[in-house]
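Data block below; observations after.
Note that the chains are named A, B and C in the order they appear, and that numbering of residues resets to 1 at the start of each chain.
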Amino acid sequence: MFSQTLAVTMINLRSIPQRWALSLATVFSIALVVAVLLGFLAMANGFRATLSSTGSDDVAIMLRGGSQAELNSGLSLDQQRLIEEAPGIARDAEGEAIVSGELYVIVDGIKRSSQTEANLPLRGVGAAAPSLRDNFSIVEGRMFEVGSNELLVGQSVQREFEGFDLGQSIRLGTNEWVVVGTFSTGGSVFESEIWADLGTIQNLYQRGTSIQSIRAQLSSPEAIEELRTYAENEPRLNLDINNEVEYFAEQAGGTSDLIMFLGWPLAIAMAVGALAGAWNTMYSSVDTRMKEIATLRAIGFSGSSAAIGTMVESLLLAALGGLVGALAVYLVFDGISASTLGSGFTQVVFSFAVTSDAVFGGIILALIVGFLGGFVPALRAARVPLLAVHRSS
Amino acid sequence: MNDLTLIRKNLFRKKLRAILLTFSIMIAFLIFGALGAFYNVWTAGVDLAAANRLITVNRINFTQDMPIAYYSRVQSVQGVENVSHANWFGGYYQDPRNFVQTFAVEPETWLSVYPEMVMPDDQRAAFITDRTCLLVGADLAAQFEWSLGDRIPLNSNIWQQNDGSSDWDFNICAIFDGAEETAPSNYAVFHYEYYNESLAFNRDRIGWMVVTTTGSDINDAVIREVDALFANSSAETETTTEAAFNKAFLEQVGNIAMILLSVIGAAFATILMIVGTTMIMAINERTKEIAVMKTLGFPSPRIFRMVLAESVLLSFVGGLVGLGLATLIVNGAAGALAGFLPGLSMPMDVVGIALGLMLALGLITGVGPALAAQRLSIIDAFNKH
Amino acid sequence: MTALYTLTDLSKRYTRGKESITIFEQLDMTIDQGDFISIMGPSGSGKTTLLNLLGGIDRPSSGAVDCEGTRVDKLSEGKLAKWRSQHVGFIFQFYNLMPTLSAAQNVELPLLLTNLSGKERKRRVETALDIVGILDRKGHRPAQLSGGQQQRVGIARAIVADPKVLLCDEPTGDLDRNTADEVLETLQLLNRELNKTIVMVTHDPAAAGYASRQLNLDKGRFVETGAA
């Protein structure tokens, strides 16, 4: 039985060149389906990866109650002082609470890819800010000086936007700034930001001593509950307190889900279209070999070996298409840098990420197309009447 | 019987094959129609922008505000017809997830710079006189099931009142609709005075100004003059046409056009290959029949036209079904997406392009086989068998 | 007797690769109005080529094919197609019917090249089918007909536009003896009653016996073998 099937399968595969154009069209149409799917998934995964690598569960982020986003929030220096005294907050070697009050304004940058203006966050931070970001390092240059008009620029900003090279001076709105350094946070969303001294920002944008958010190092992830209880019992504090992981996960959700919800239906619709192509190809594969299959049947081969031979041909073409599509997307898209408007109303720079899970999903989709496309023609191959031996053509 | 009978019979000679091809063409046009309709709504802001409407924002970024004094200074610029101003309110209804797009505006001038907001005269008058009136778009009203005369609270996730509360009471005294179907009506506006007087902080600031000029030919002059007014101040301005402003905003999200084009391109490349190769095969199978037709005296150009008509017919059958389905889907989704993508419908220019694509697909997939059929030598065709 | 076809100094050569193959050379022949000619001869003797030249689907290497004053060999492709539709009916060994069309539609096919009204076309189709004795099968598709019936449909298609000459290439080559005789009798009838000129290529001496003039083509030369 096995050797029979193998023999029929080999005959099938050797006959592919007779239908090369149709077989090639099937391979490429399935490749395109997989490519579209993986393109969308790479976008969604890349965006999600950037935001989910951001934040740690022992950093608390505090905003004014009900404000939902840093941009909407407003807090005072007094409130920051109260947090510095709060329980559950970690302290450095000098016994200072590791707390950073921050304020960001949105400025215009020029996107390299489209040469259009796009929103960039210009974040005013204090000395504690770097220690509150995992994997923070200065890649090039140095930290800005307190009270200066110096900028420390995230790597992603430098990559996607014009004018942020080291040593360059740049005009943002009415003010002149000098780029003195570039920082990395290991691919997280902070790399899409420009940092400057908090006092300078408050001064230039007439914000007095107000801030938008307070980040604090927790003594342990669980300590956030102590902090919450403290804030609830303090009438001068009306805060929403989250750990950073939750905060960014919430922000990632919408956009990457949207991409997924767009990508899958499109890919499935295209897969159905390609299915028609695969079916057609396998149908003509059986059609042109009617006499050959009948001859094999006449000399004793079983119907099921003819069916399996057809099915294997279909699955093979589909798998080949899937691999071609996945490889093309990997070569063209993996690691490509792009940016979009994040929920903070500023640009989030991310890299397309072709993950093994997505590739696996793509190949499975291709095989489903191959299986469904080969199914009916395979049944037909199994039922070729023996009398077809005598057909003239 | 006529040529069309022959074309039809040839096309549907192998029923399953014809159905499968029709199906894959249908899918491609379904994708094209749906994405085309989506893209049309997505860029509606650019298309609907009035040619003589300008937007003035803070030069740092459009999220930065500017003093209210700017408003009256712009009014006096030559060539300016009307000016209005607005602030982003960041409103939500009952729950922060129920986002309501709300602006605090100068009511009377707002209606004159946006003449596409239409409503009955008595409601228009009520909106202008009633300080706590919320003028609600029809789509927005439908979404929250609000009706005329309702009193509702809106919360702001940005602004607080003097008393520390963030909920503002409104009286829905007017409901507007878009003059055109694609004009958005998924937002609400209310009196700047009501907003400004009760603010706890940031009083007397405006978010942006909307300027209409007396004619689009003087846009550039007005833009220069307005921005010159505030040069070297603490809040310099940047004025652009409404279309440019909307386009720049869409660009921030990403190159949506390119993503959609790639998907549509992939879908069409798929059917081009599938239909193209199948047509070649189908004509090959009929070599002898075509030779017989020629022997009977059918002229070669007529054979060429018949084969070409066959692929064009196939393309139109599949394409029209796909476009029809896309229209059904788009109309079905229009209600559900009214808040997010107002005015979703199948636009005529997408239909036009689709018809063009159907013709092109039919011609491209048919021209090779048709040429082969036209050039077919009777003797060679008979000798093959 | 008036001459329908006059073939003068006719030569036909093929080049296959570098080799040049001569089918026949300097052939002269006259076919009279009302002739029923059979042509026999070994494979490769040029029987079918001659038929193709008469029918205007092939051109001679040199020489003239004259049909009632028309130089068939000199007509352009387009004119030739029109000439064929008006003057010649073809009958093939394997019938060559359109598998997707009914018997009546197959017969109607040549009439699509005329300006006749639908009603007139229908009348002519039914007459043609009636003459070959297969009117009762007009709605059947070729696959539903026997070989002999299919050939009758083929003959009806050949005569429906009322051409002067019928060119038959092995019309009974795929049929059994009895059916073949019936088909040949039909051809004879068309020759005698409707005065159709018939040129028939065949391998079968019995079939050739139905013709009024029997020719043998060998090494590019005609040998008259008999007349009825």
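Everything that follows uses one rule, which is that contacts are C-beta pairs under 8 Å (C-beta built on N, C-alpha and C of every residue); 3 or more make two chains touch, one makes a residue touch a chain.
This structure is a prediction, so every number in the text was calculated from the model and none was measured.
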item: Both-way neighbours, i.e. chains that touch chain B and touch chain A; value: none
item: Nearest-to-centre chain - CA centroid comparison; value: B
item: Maximum centroid distance from chain B, chain identifier (CA atoms); value: C
item: Most extensive contact between chains (C-beta pair count); value: A-B
item: Chain centre separation in whole Å, for chain B relative to chain A (CA means); value: 26
item: Computed distance of Cα centres, chain C from chain B, in Å; value: 65
item: Centre-of-Cα separation between chain C and chain A, whole angstrom; value: 72
item: Touching two or more other chains - residues of chain B; value: 385
item: Complex interface listing, chain A residues touching chain B; value: 21-22, 24-26, 28-29, 32-33, 35-36, 39, 66-69, 71-72, 74, 105-108, 111, 113-114, 116-119, 172-174, 205-206, 266, 269-270, 272-274, 276-277, 279-280, 283-284, 338-341, 345, 347, 393
item: Residue ranges of chain B touching chain A (in the complex, touch as defined); value: 16-17, 20-21, 23-24, 26-28, 30-31, 58-61, 63-64, 90, 96, 155, 157-158, 166, 201, 234-236, 247-248, 251-255, 262-263, 266-267, 269-271, 273-274, 276-278, 280-281, 385
item: Residue ranges of chain B touching chain C (in the complex, touch as defined); value: 1-3, 5-6, 9-10, 13, 288-289, 292-301, 378-379, 385
item: Chain B partner contacts - residues on chain C that touch it in the complex; value: 52, 55, 57-58, 77-78, 81-86, 90, 92, 94, 96, 98-101, 105, 108-110, 112-113, 157
